[in-house]
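Please go over the structures that come below.
Here chain A shows up in two complexes: once beside chain B, once beside chain C.
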Partner chain A sequence: MAFSVIGLQLVSALVSATFLFLMASGLSLIFGVCRVLNLAHGSFFMLGAFLAYSVTQVVATSLGTFWLALLLVPLATALLGALLEIVLIRRFYGANLLVQLMPMVALIYIISDFSRFVWGVSPGSVPVLGLFGTVSILELTFPAYYFVVLLASMVVAAGLWFVITKTRWGILVRAASQDREMSAACGVNQTRLFTTVYALATGLAGLAGVLAVPISGASLEMDMTTVVNAFVVVVVGGMGSVLGSMLAAILIGLVNAFGILILPQFEMTFVYALMALVLITRPTGLFGRE
Partner chain B sequence: MSTEILRTEKLNLQFGGVHATKDVSIAVPRGQIRALIGPNGAGKSTLFNLLTGFLRPHSGKIHFKGQDVSSLAPHQLCRLGFARTFQIPNVSSHATVLENVQLARVSLHGGLWKLFEPFQRMHVEEAWDVLTLVGLADQAGVEARNLPFGDQKKLELAIALACDPEILLLDEPTAGMPLHERPALIGLVQAIVRAKHLTTILIEHDMDLVFSIADWITVLHRGAVVAEGVPDEVRNNTEVRKIYLGEGNTEKSGRASPEAIGGEPILTVEGLTAGYGMGMVLHDVSLSVAEGEVVCLLGRNGAGKTTTLKSIMGLVPPAKGRIVFLGEDLVGRPTYEICQRGIGYVPEDRRIFPDLTVMENLEVGRRQVPVGQVATWTVERVMDLFTSLQPLRHKRAKFMSGGEQRMLTIARALVGNPKVLLLDEPSEGLAPLVVQSLWEHIRALKEAGLAILLSEQNLWFASGLSTRVYVIDKGQIQLSSTFAELEASPELKRTHLAL
Partner chain C sequence: MSTKSMWVLVSLIALSSLNLAAAAPSGEPIVLGEIVSQSGPFAMFGAGHKGAQLAVEQVNAAGGVLGRPLQLLSHDDKSNPAEGTKLFRELASKNVLAVIGNSPSSVVFAANPLALELKTPYVISMGYTSVFTDKFSHRYFFRTITSDRVFAYAIAEHMAKQPATRYCTIGNDFAYGRSITAAVMGRLKELKPSVQIIPGCEFWVPPGQLDFTPQITAIMGQKPDALMFGGVVAISSDAFVKQAKAFGLFTKMVGVHPSLGMPTNNLGLQKADLPEGIMTGSDYPYPPVDSKANLAFFKAYKERWNERPYEVSAHSYATVYLLAKTIEKAGKVDREALVDTLPGMQFTHPSLGDASIRTIDHQSTSGWWLGYLAWDEKNNVVGLRDIKYMPGSNYLPTAEELRKIRGQ
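Then we have the complex of A and B:
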């Protein structure tokens, strides 16, 4: 295989791992603390992409407005996530898993139809990729934007690690994920804690959407494809483990990128085979707890 | 008698930085009853798990009848003749007593694949024999989950015996049983293993029982064997007295009963009825705690102590009754708010956050006091009191010993600056030396003016702490009296405490 192909696939694998990580860490956080599967997570990703598209459309397609979208859109999706948690999702905590899926599926359809209504069926694009220029490494040329995405995800990962391990909020989140009843008996207001967890996770999903839009555009299908892949990452990495999500995202990004190269017609097979392998050998995921 | 059946050579195992088992070499002759004793966290259960294949040693060997069995799995050891029981009975709760024992025999002798043979007929005679032996034949048709706790322990023993063991390992066979039932169970164990010439290794905290049954005692401390010998030798070994029995721990020295305080109640429970699902555990429970007062809620296992405390915390919602704290009814309020209003909760089963460090556990419990008030309990002050936690600040709670975890749960409740502390059976399952130290800590809290509702099985633990006692049984308050009155009246003690 040509060196250039491998190099290109490697970088694009890392870039797609970035989106997977941003999605999966939020999913994993919500599941670990609130104990619900946030199936609608992909919808926040899609909303992030469409909102970024709107911001750049309405103002101007320039680097400046893109940065503005990168700042504002995650805040908007976080706010929406918090709102939905308060009015809808919190009523389903502790319910049967199948019952929990109902509002999630409803949300997926509502957000999807809402997007169709507002943005239409044709994909929207934010052509800022060219504005970032290119970078040459070892005679290979990459869009410089890829490295912006990688850098941004590293900053987010470090920030997430800091928040979860070092701050009071992070300690309370971990306590709640280990023993909810006891953390309530220690005086922790879980209602508020859960809302903030939702806001953070949906904010990250929105951020992933904004970062993805210059590369893949905004389309109505992106909600489901992303959430399915993100679930695979969470399962492989271990529910509730941010480090696990990160490593699994990289692993799956690589498997995806090189699987397509070797046997393109079996694109998804490799990923699910990997998931099956992990589940057989480590049923709790690579970094999952009992 | 003198042939050796089990021998270990320099067994070692580490968890994180903790040496749970350190150079343990023991030799057990056939037919011996060997007791393993030592304070909580001494490594007794770990050694059991090594011997029965649940854990693998990092170094060292285990020989059984001359064969190296160090790397065998639990089921392989079982087929060689190892049988064990657990601290918490491990029975199939939806199967009947008889089926539980049959299952043990079926899995030992094969037959799991005989899909068309009615299970009722499999090994049924041997199962009956074992049940008769342990005295459970009358309950053969009862589902295991409906057995009283003491009988579940007997059932576990029956399951172990049904495996035709050559060596029996019993992990705290009397833990959790009412005090007065314990000697009978130990007597039963003794009679059975002597009659069958079984080699037996047991872990037990009740020293009277240990000294009455054991041929030979091995004392563990911090993972290592510190002394061995016949009971009298061990009893008189100065090293052992120091680390295990708590030298100078003449139970009640300097424990004058405090005077009753007639202050205004800050916590009042009136006519509380509560339970789980359809079953009500508590019936019309009323009690009160005044400022600065330590009140003891005394009762056996299953009497309703834990449910009472959980109802106060809102963890078990009351069906009827009022819980008034500082003039306001707590019924229906969320648990976190009950805690924030000033009720600290120390559960019986510890419930530390296992993956959080000591400091992080305390951070969860820490609460800012309202402006204008001074925090009585800062993290630093709590650390000054619980000196044993100081070197463990950054250790994850799951790697701490039972006694240390207990101290941590109390510390975690304290940094919330509660006005009343609910302490659920703090001494349960702890070694005497640790219990003594815990008692002194609670005494210090009392002297600092904290009101405490203390649930206990043992009257003596409450001595020197509590002014008043409520005796609870079958979910009802049977007696309310001052501590001194109860202590002085053999009649009251006999009726209410079955002493």
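Then we have the complex of A and C:
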């Protein structure tokens, strides 16, 4: 196999991994701290994509409006996430897993119908890919935008690492995800902590939506496909571990990109086979705790 | 109030609001049931209702059918087969002459056997799957549009005349994605034996996939002459086209997709998203086909609904006119008489011209427009350039082929 082919698949794998990471890290964070499966995570991703579409529609689509969307939309989804946590989600902490799923499924339907009402049934497009130009790597021109996405997710990963390991808030998050009762007994204001975790995670999902919209457009069905993929990453990486999500996203990106070179007919099998393998050998995921 | 007197009242109200000229239809309306996807993933098929409604209003303004007004009784199947069958039973039990359908194939699959069971004509203007008119064909089932076999064979015939021989394929991994890829590539190999799919260059992605980066780089690494991506549909096709454009994929190879030119297949694409070099097709190409019938339809539709028609709008519009003509010919409002009269009926489709309903499988002889994907500057939508018409009768199965397919 030519070296250039391998090099290209490597770059592809990293690009695919960025979106998986942005979605999975938030999902994992919410599960680790709040102990709920945020099934509606893909809905925030979809909202992010549609909001970015609206922002770029208000003025003409240009790089400037896209940057504006990149700045504003994650804040908007974070705010919405915080609001929903306060109004709805927090009432289900500690409830039976199946009971927790109900408000999540309701949220998915509500956000989906809301989006249909606001944006209609036609998908939206933010055609800025071309505005970023191209980069030539190994006799192939790669769209430069992909490196913007790569860079953005590296900044997010570094930022997450810093916040979680170096700040007081991060210490509280880690304490709560390790032993919730003990941290509560030590006087940690859990109510506020959970709201901020929810806001951060849904903000990340919104960011992923904005970053994805130039590549895939905004459409009503993107919520479910995205959340399913993110779940696979979280399961492989370990529920509650942000580092696990990052490594699992890269691993899945690599398995997918090189799997299709070897046996393209079985593309879907590789990722799920990896998940099965991890579940058999390490049921809590690569970095999960018991 | 009895149902009958209610219909009279409803039609009176409808009539009084229409302010018609001399030949206003009178009497009990002839009711057509309609099952249409107004919500769910196929909600854009709701434009089919608008086409049907426009035709009903035009027919009534011109004096109705047999002197009686036409009326639509329309219901939303929510893109859901279970809902579709429920609605079909409901409509069949009412005083409807026939049920027209603007739904995805999954709904048609479920409702088709009911038409036979309940002896109610089911006339669909969406759902291209060939199997409805070959294996599952029956007395009460009609399709006023072409089948996927026609556009697969038409594009294969076109590509067989092109120099490309080394192909890659990519498709969503579900029934339609697999069958359209097999149909186009199979026909292409029959017509041009030198055509081959490069080993290891056949990709299947989950329906709804949005990221195609690894597939695109892998395909570029294989350097094929052409990429058949007709199995990539719905939200996947928007995403794929955008990414192909960003990578310049179709500057290096020809893209082949039989149905990307259909308005409901490219709603999420803007001018800057469109790559050059995709050979595709449509049954309602933009700019609108320059025929008297189509321009009149296009203008009337825009005036009535303040939006442009999709292919499904034109299909259901043609269907209502076909049914009106058939009822006139049958001379009475009766389900069995309608079913007896429909086979062989001639009708005119706005963009596809004159066609007829075949007696052997109850589908339309209308064909398919082929062309290169291009932006329609005037209407500001995705369109086709250098279009040519491929008549359906060239590609539809013969009576003998049908017997073989049906195992008779």
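Note that in this section the second predicted complex is superposed on the first by the 269 of 290 C-alpha atoms of A that agree within 3 Å, B and C clash if a C-alpha of one lies under 4 Å from a C-alpha of the other, contacts with A are read in each partner's own complex, and residues count from 1 in each chain.
Simple rule for what comes next: contacts are C-beta pairs under 8 Å (C-beta built on N, C-alpha and C of every residue); 3 or more make two chains touch, one makes a residue touch a chain.
The structure displayed is predicted, hence computed values, not measured ones.
Visitor: Which partner, chain B or chain C, is in contact with more residues of chain A?
Guide: Of chain B and chain C, C contacts more residues of chain A.
Visitor: Going by the contact rule set out at the top, does A:243 touch chain B (first), chain C (second), both, or neither?
Guide: In the superposition, A:243 contacts neither chain B nor chain C.
Visitor: Counting only touches as set out at the top, which of chain B and chain C does A:168 meet: first, second, both, neither?
Guide: A:168 sits against chain B, while chain C stays out of touch.
Visitor: Now for A:220: first (chain B), second (chain C), both, or neither, which partner does it touch?
Guide: A:220 sits against chain C, while chain B stays out of touch.
Visitor: So, does A:145 touch the first partner chain B, the second partner chain C, both, or neither?
Guide: A:145 contacts chain C only, not chain B.
Visitor: If we overlay the two complexes on their shared chain A, which of chain B and chain C does A:72 touch? Say first, second, both or neither.
Guide: So A:72 meets neither chain B nor chain C here.
Visitor: According to the stated criteria, A:182 is in contact with first (chain B), second (chain C), both, or neither; which is it?
Guide: first
Visitor: Go through the superposed model and pick first if A:190 touches only chain B, second if only chain C, both, or neither.
Guide: First partner only.
Visitor: Taking the superposition on A as described, I'd like to know which of chain B and chain C A:86 touches: first, second, both or neither.
Guide: neither
Visitor: Using the superposition on chain A as set up above, list the residues of chain A that contact both chain B and chain C.
Guide: none
Visitor: Chain B touches which residues of chain A in the complex?
Guide: Contacts found on chain A: 168, 171-172, 174-175, 178-179, 181-191, 289.
Visitor: Going by the contact rule at the top, pick out the chain C residues touching chain A in the complex.
Guide: Interface residues on chain C, with respect to chain A: 39, 41, 43-44, 46, 173, 200-206, 208-211, 213-218, 220-221, 234-235, 238-239, 242-243, 245-248, 267-273.
Visitor: Can you list the residues on chain B that touch chain A in the complex?
Guide: Residues of chain B touching chain A: 313, 315, 334-337, 339-340, 345, 347, 351, 353-356, 360-361, 363-365, 367, 412-413, 416.
Visitor: Would you pull the chain A residues touching chain C in the complex into a rising list?
Guide: For this pair, the touching residues of chain A are 2, 4-5, 8-9, 11-13, 15-16, 19, 61, 116, 121-125, 127-130, 134, 140-143, 145-146, 212, 214-222, 224-226, 253, 256-257, 260-265, 267-268.
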